[in-house]
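In order of appearance the chains are A, B, C, D and E, and numbering begins at 1 in each one.
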Amino acid sequence: MARQVSTGRKTVATAAAWLIALIIFFPILYTIITSFKTEPEAIAGVSLIPSGTFENYVEVQAQRDYFKPFLNSVVISLGSTLIALLISVPAAWSMAFSPTRRTKDILMWMLSTKMMPAVGVLVPMYLIFRDTGLLDTRLGLTIVLTLVNLPIVVWMLYTYFREIPGEILEAARMDGASTLKEIVYVLTPMAVPGIASTMLLNIILAWNESFWTIRLAAANAAPLTAFIASFSSPQGLFWAKLSAASTLAIAPILIMGWFSQKQLVRGLTFGAVK
Amino acid sequence: ETLTIATVNNGDMIRMQKLTDDFTARNPDIQLQWVTLEENVLRERVTTDIATKGGQYDVMTIGNYEVPIWAKQGWLLELNGLGDDYDVDDLLPAIRAGLSMDGKLYAAPFYGESAMIMYRTDLFEKAGLKMPEKPTWEFIGEAARKITDRNAGISGICLRGKAGWGENMAFLTAMDNSFGGRWFNEKWQPQFDQPEWKDTLQFYADLMKDAGPEGASSNGFNENLTLFQQGKCGMWIDATVAASFVSNPKDSTVADKVGYAIFPNKEGVDNHGNWLWSWNLAVPAGSQKGEAAQKFISWATSKHYTELVAEKEGWANVPPGTRTSLYKNAEYEKAAPFAAPTLAAMDAADITKPSVKPVPYTGGQFVAIPEFQGLGTTVGQLFSAVVAGQMSVDDALAQAQQVSVREMTRAGYIK
Amino acid sequence: MATRQTRSLARLMLAPSVILLLIWMIVPLAMTLWYSFQNYNLLNPAMRSFAGFDNYRYFYTDPAFFQAIANTLIIVLGVLAITVIGGILLALLLDQPMFGQGIVRILVISPFFVMPPVAALIWKNMIMHPGYGVLADVARFLGMRPVDWFAQYPLLSIVIIVAWQWLPFATLILLTALQSLDEEQKEAAEMDGANFLNRFRYIVLPHLSRAITVVILIQTIFLLAVYAEILVTTNGGPGYASTNLAFLIYRTALLSYDVGGASAGGVIAVVLANIVALFLMRAVGKNLDR
Amino acid sequence: MGTIKLENVTKSFGATVIIPKVDLEIADGEFVVFVGPSGSGKSTLLRLIAGLEDVSGGAIAIDGRDVTRVAPARRGLAMVFQSYALYPHMSVFNNIAFPLKMAGESRETIDRKVKDAARVLNLTSYLERRPGQLSGGQRQRVAIGRAIVRQPTAFLFDEPLSNLDAALRGTMRLEISELHHQLKTTMIYVTHDQVEAMTLADKIVVLNGGNVEQVGSPLELYRKPANLFVAGFIGSPRMNLIEGAAADAKGARTIGVRPEHVTVSKTAGDWKGTVGVAEHLGSDTFLHVQADGVGPVTVRTDGEIGLAHGETVYLTPDQTKLHRFGADGRAL
Amino acid sequence: MGTIKLENVTKSFGATVIIPKVDLEIADGEFVVFVGPSGSGKSTLLRLIAGLEDVSGGAIAIDGRDVTRVAPARRGLAMVFQSYALYPHMSVFNNIAFPLKMAGESRETIDRKVKDAARVLNLTSYLERRPGQLSGGQRQRVAIGRAIVRQPTAFLFDEPLSNLDAALRGTMRLEISELHHQLKTTMIYVTHDQVEAMTLADKIVVLNGGNVEQVGSPLELYRKPANLFVAGFIGSPRMNLIEGAAADAKGARTIGVRPEHVTVSKTAGDWKGTVGVAEHLGSDTFLHVQADGVGPVTVRTDGEIGLAHGETVYLTPDQTKLHRFGADGRAL
């Protein structure tokens, strides 16, 4: 479409897009704005200009240390993502390059494991975790999140790998590479964009997972989802403090998401291209 | 030694966390680690943990609802190491009774509350009303309707409408008590088909419709607190702790115009609801750190702690409702105008005899059986739907009766 | 890629994922099955006994059961409808040349990064609150009575919140798919005399079908399990108006601590989810192979 | 009718000028082929005519009507894209029917016209298939089918055969030629294949860097290339271009002689040289000879030749078929 | 050394037999070209030799050693793929070095060998680039470079030039020929390009439906095709195959004569016919003549011929170059 787009049309598109984007973003924006208001201000009706107080953040931090859950969130989401990748790269390799009649079924079955209602198996899981000493450990949460997200990771990698021409892997084989080397030196580096976006999506999903993380952790391993659970309905005026806590909870992942937006977009193709 | 303490995220508990330096200075070998959670999540977490013996917490914050149930299961450690200077006898008898079984104390109260009426003296004056010493529901209904001024955004009365056994059901259960009703008869038969409940619910629904605020069906304690502080309620019947918030000029626009009165009753029924609640600290039975845990509990619920708060944050901020000595303290009385009505409310509450009719259970604004959380919440949903205008009073009661029978049968109460 | 050696190696490499997921699926599932035949209340461990099918009967006869199933479907279908249709429109819009495209895109995808409880809290307290919410203020400004969203339209409110979270996801996938549409194909259609609407209907929409399938599939998986948003906002009410299956199980498991009942609910939910999955695969799955 | 006229057409993308200025007239029913190296602007020119790009300057007229500002769909042209741009989700029938549907034709008309087109293109038995299930040649025919149903004023082809293998290209080339004879519609055809250009065209337009280097019939271009560029570009194997003494002798900066216009002898001739690689095709042999003082010369000889690597030979260019070029590269 | 021997090799995918049975011997240093129509099993055969597919039956020996069950990496062969299969994330240097790295060579050895290979292939100044930054011809050279560093027993090429444009193909063809002269390593080369097959091969293997139709030198195949299939497949334009009376007269079911072996006259000749389409390439003209009682005959004549569509001509096939085929299609 190398025809000139009339400025008029571009302006209309711009206006419409910005309007909708702002509406969609508004709840987040308003939360951020509110976090800089004083409590009475926060409930005094819509206003987009806060008085600029940092009091809420100070208060939130005083109530509950932010950095430990933040660190836990980082460790757990990164850790589970890395482990999931380690397990699923070979699996996706084998499904993409050595498919059988059952490959599709296996894939669907994997996805269907995600349909189990988590709360239905909470007690069994709690007992298993208690007996293995994994309660309230980062390791425990990492394992759970790995398993929770594994199907999605396998699927994404699979669609990615399928786009890589098999000839290149055969070339590596002819060049004397073992299967392991083939995956490490050829496949993985070639799939870097795909792997990167898979990673990003998985980090987001892991970061936001809020059933297991709240229920299987207490003090030591509690991530930001638990942090926010201590602000959701306290006594007294809390809109501004809740806003500050919410902002703190979503800020890291939001910023990461903004910076890696392009990568993420690529990853969300799910093989939709072609 | 590190103690992991699960607490609810209310103001008093948060304040305690800030003051723990005092404790660690005295007990340098004990570190404290906090797990602060919103009430429902906290309850869910500690219950799962203690029932499965997960052992994640050394000290748990639990309500007087849980204490007898858990103690009966043998899940709680008897608190016998609180120290010589702890003065157990100073605890308010009503509170203490709720935390003891067979004379043994299983949890120590951190703060306690009952319920009472908070009302706007200015509005009452304007309307030419005077709050009687022992108001009846009839009076409350009339007064609320009179005060209501929709144009000025003032609702005559704010009451809990949000579904939940600890939300609207706490209030409605207490209200039903004061209407002479009860949850169960001696054979554990649910009583929603009885006239008392019908009166209660009808009165409540009509009142909310005529004099309640917008969106009442999603208002809980906190929402009503905000409304009242904003000057939008003429009356508010709720937990006594609210008094310290509404009378605090920092947050409240009506701090100097609040009057207090005892929980209303139906004409001819001598019952003021029997609302009694306390947040308590307890130690799981299997704990390896029982001794240190008791040391902490002793500190947190002691007179010393009260003084510590008074010294650092002022008398108005000390945790109320646990010790008789506090209400004999002149300084407290001076700083807290609501001290006397609070004590009166607490003294009036008797959770062993919630209703004027005989009941097989204990508990004031709740029924101290394990099934109550689930059942109370389900019934709460139905009643909340009434307030939301989605269901009629009769339908709600019929369904409440049905689910209660079902639930009680399943749990084996009804043979 | 087809020598015996590589094939057997492939099986070997697939094994860890399959085995892990099998364990992850089977162990809890087996335990759940077992518990579902037990009378087991966490708060009353002494009463444990064999229950037969009591738990199932109990769960199935819960007055909220059928409404919960209906609500589950409404949430899934409602959110899917909003996100797919909205996603397509939004993707079409974002595909246009405009000023500040990058920022617009960032704004649009942001809700995807918000954890569900936070999203629910924000909507409940900042936006939909009948007293202090932005929508109430807007309504008052317009001289209307503020809507008490969670009391009057509980299910709709949940759908809106959840759709808000998933709209970015759908938009992104559809946008990527849109951008992969062969430019020459659109030009060919133009040469063939197709106007914008016809191009959309005959060229763009069919091209998107695969991406739409992906959106539907992935979202369904997550939407069947929505519960945090309900817990934070309506708590399933008023009445059972916003109770879905996941929340019903939640209520059974973590309010009544009825492990047996919740397990039976879990088993029922697994069965229903698999029916949905099967149905989905039949209906849209073949789009994936194309 | 199907005359196309470009007047002073220019095209820039931003600051880069792609087509400095082109004037071109195409008569009704003519088969015009655009050739030129990659990036020379062939596709751009075609797309300008189609209306898929806006001209930066100048005017385009079809059948005497100025269409410079007219939308592609209204120009009455049909285009066959290099990638065919078939609609992958539609059956062959629907692909071909699409333009008719868009024109709002009735069901019966569509059915009849599509079946007619399918018959002409031998696609009748594939009408229910999807493009994905067709071979390259069949796909191309569908693309053509989609173009012919509308009876356009002119066809535009952008390298329609470049995706096919050699054998199929040959067949399809003949089919397109056939089609042109049948329909007698104006066709503009972009290719970089020598054989296609030479065999199909009534008129070839040689483009280089957005400029028209020469316009003429295939044999005109073969026999009288206007300049060095055209000389080197048309003909295979390439014309031998020789500079230096041998050229000076003819009073030119460069002389050119085609491989088929050089005779080889073992005994005597104008230029002496040594045989390098010999490529035997059976029917012909391409002899690469290093000629003393002249440089490498390619010679095309008949199939049966018995010359060994390293042997000395004598070459004689056909004087009547010698091309002479001046310092500016133009033919003298 | 680099002899390759296939004995009774068969290959099926599931129930479909792709290669019924092939026996083939390739001598050390030979340049063997596999040709055949699409789907005839050329690639499959190559991949069987490479070890990228398992044989379903039979044995493959390299240098006398049975390698039927040996992994591809251990067969000592190097392969150049149609798409080159370069590692896009590695520099040219690392691409070429990859096989050496896998073989565990020392840094210095790798460095030396890669630089040597790069010199041979004129890639020295591109060593730091990524494949994405190279032209098609350069990429192909890298692919070859990756193959030659290891000094394999034999090279396998699967249509290595099919992705290039015509001009580049010519150049690269010469380079591969050059390379073979230099290295003298056995090469197996799959193509469907006539010119490549004819000019490069020492020996051509013609495949059809998984069967070997004929094996021989290019000129042997051109001159003495063993059967109708080979006759029709080798040579461009295609050999005219004539049945009926004209064939019967020669005592054969079918006779074949190549277009270049027919002479045209306006006055007299063996077969009378009418001129159809004439394709003018400048250097040659392909004349399609409808000969009475014989059928369509393609004739290749010199560039300058003045025959018009519909004119009557007389054709005379060169009797010495006539091919005769029996009822079974085999040459008589």
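Here, contacts are C-beta pairs under 8 Å (C-beta built on N, C-alpha and C of every residue); 3 or more make two chains touch, one makes a residue touch a chain.
Bear in mind the structure is a predicted one, so any value in this text is a computation, not a measurement.
**Student:** Out of every possible chain pairing, name the one holding the most C-beta contact pairs.
**Tutor:** A-C
**Student:** I'd like the angle of the rotation relating chain D and chain E after CA superposition, in degrees, nearest 5.
**Tutor:** Rounded to 5 degrees, the superposing rotation is 175 degrees.
**Student:** Indicate the whole-number Å distance between the mean C-alpha point of chain C and the mean C-alpha point of chain E.
**Tutor:** Here chain C and chain E have centroids separated by 56 Å.
**Student:** If you average the Cα atoms of chain A and of chain E to get two centres, how far apart are those centres in Å?
**Tutor:** That pair's centroid distance is 53 Å.
**Student:** Mind checking the centre-to-centre distance between chain B and chain D? Centres are C-alpha means, answer in whole Å.
**Tutor:** Averaging C-alpha atoms per chain gives centres 90 Å apart.
**Student:** Calculate how many whole Å lie between the centre of chain A and the centre of chain B, each centre taken as the average of the chain's C-alpha atoms.
**Tutor:** 39
**Student:** Could you pull out the residues of chain A that touch at least 2 other chains?
**Tutor:** Chain A, residues with two or more chain partners: 43, 122-123, 127, 170, 229, 232.
**Student:** Which chain C residues sit where two or more other chains touch them?
**Tutor:** In chain C, the residues touching two or more other chains are 1-2, 42, 131-132, 187, 254.
**Student:** What are the residues of chain D that contact at least two other chains?
**Tutor:** Correct list: 52.
**Student:** Can you list the residues on chain A that touch chain C in the complex?
**Tutor:** Per the stated touch rule, the residues are 1, 5, 9-10, 13-14, 16-18, 20-22, 24-28, 30-31, 34, 42-43, 45-46, 87-88, 90-91, 93-95, 97-98, 104, 106, 108, 110-125, 127-128, 147, 150-152, 154, 166, 169-170, 179, 204, 207-208, 210-211, 224-225, 228-229, 232, 239, 242-243, 246, 249-250, 253-254, 256-258, 261, 264-266, 268-274.
**Student:** If you look only at chain D, which of its residues touch chain C in the complex?
**Tutor:** For chain D paired with chain C, touching residues are 50, 52, 71-73, 77-79, 81-83, 85-90, 98-99, 102-103, 146, 150.
**Student:** For chain E, which residues are in contact with chain D within the complex?
**Tutor:** Residues in contact with chain D: 37-38, 162, 165-166, 170, 174, 177, 192-195, 198-199, 218-219, 222-223, 234-236, 258, 260, 277, 279-284, 286, 300, 303.
**Student:** Quick one: which bits of chain C touch chain D in the complex? Just the residue numbers, please.
**Tutor:** It comes out as residues 182, 184-185, 187-195, 198, 202-203, 206-207, 209.
**Student:** Help me check something: in the complex, which residues belonging to chain A touch chain E?
**Tutor:** 165, 167-168, 170-178, 181, 185-186, 189-190, 192
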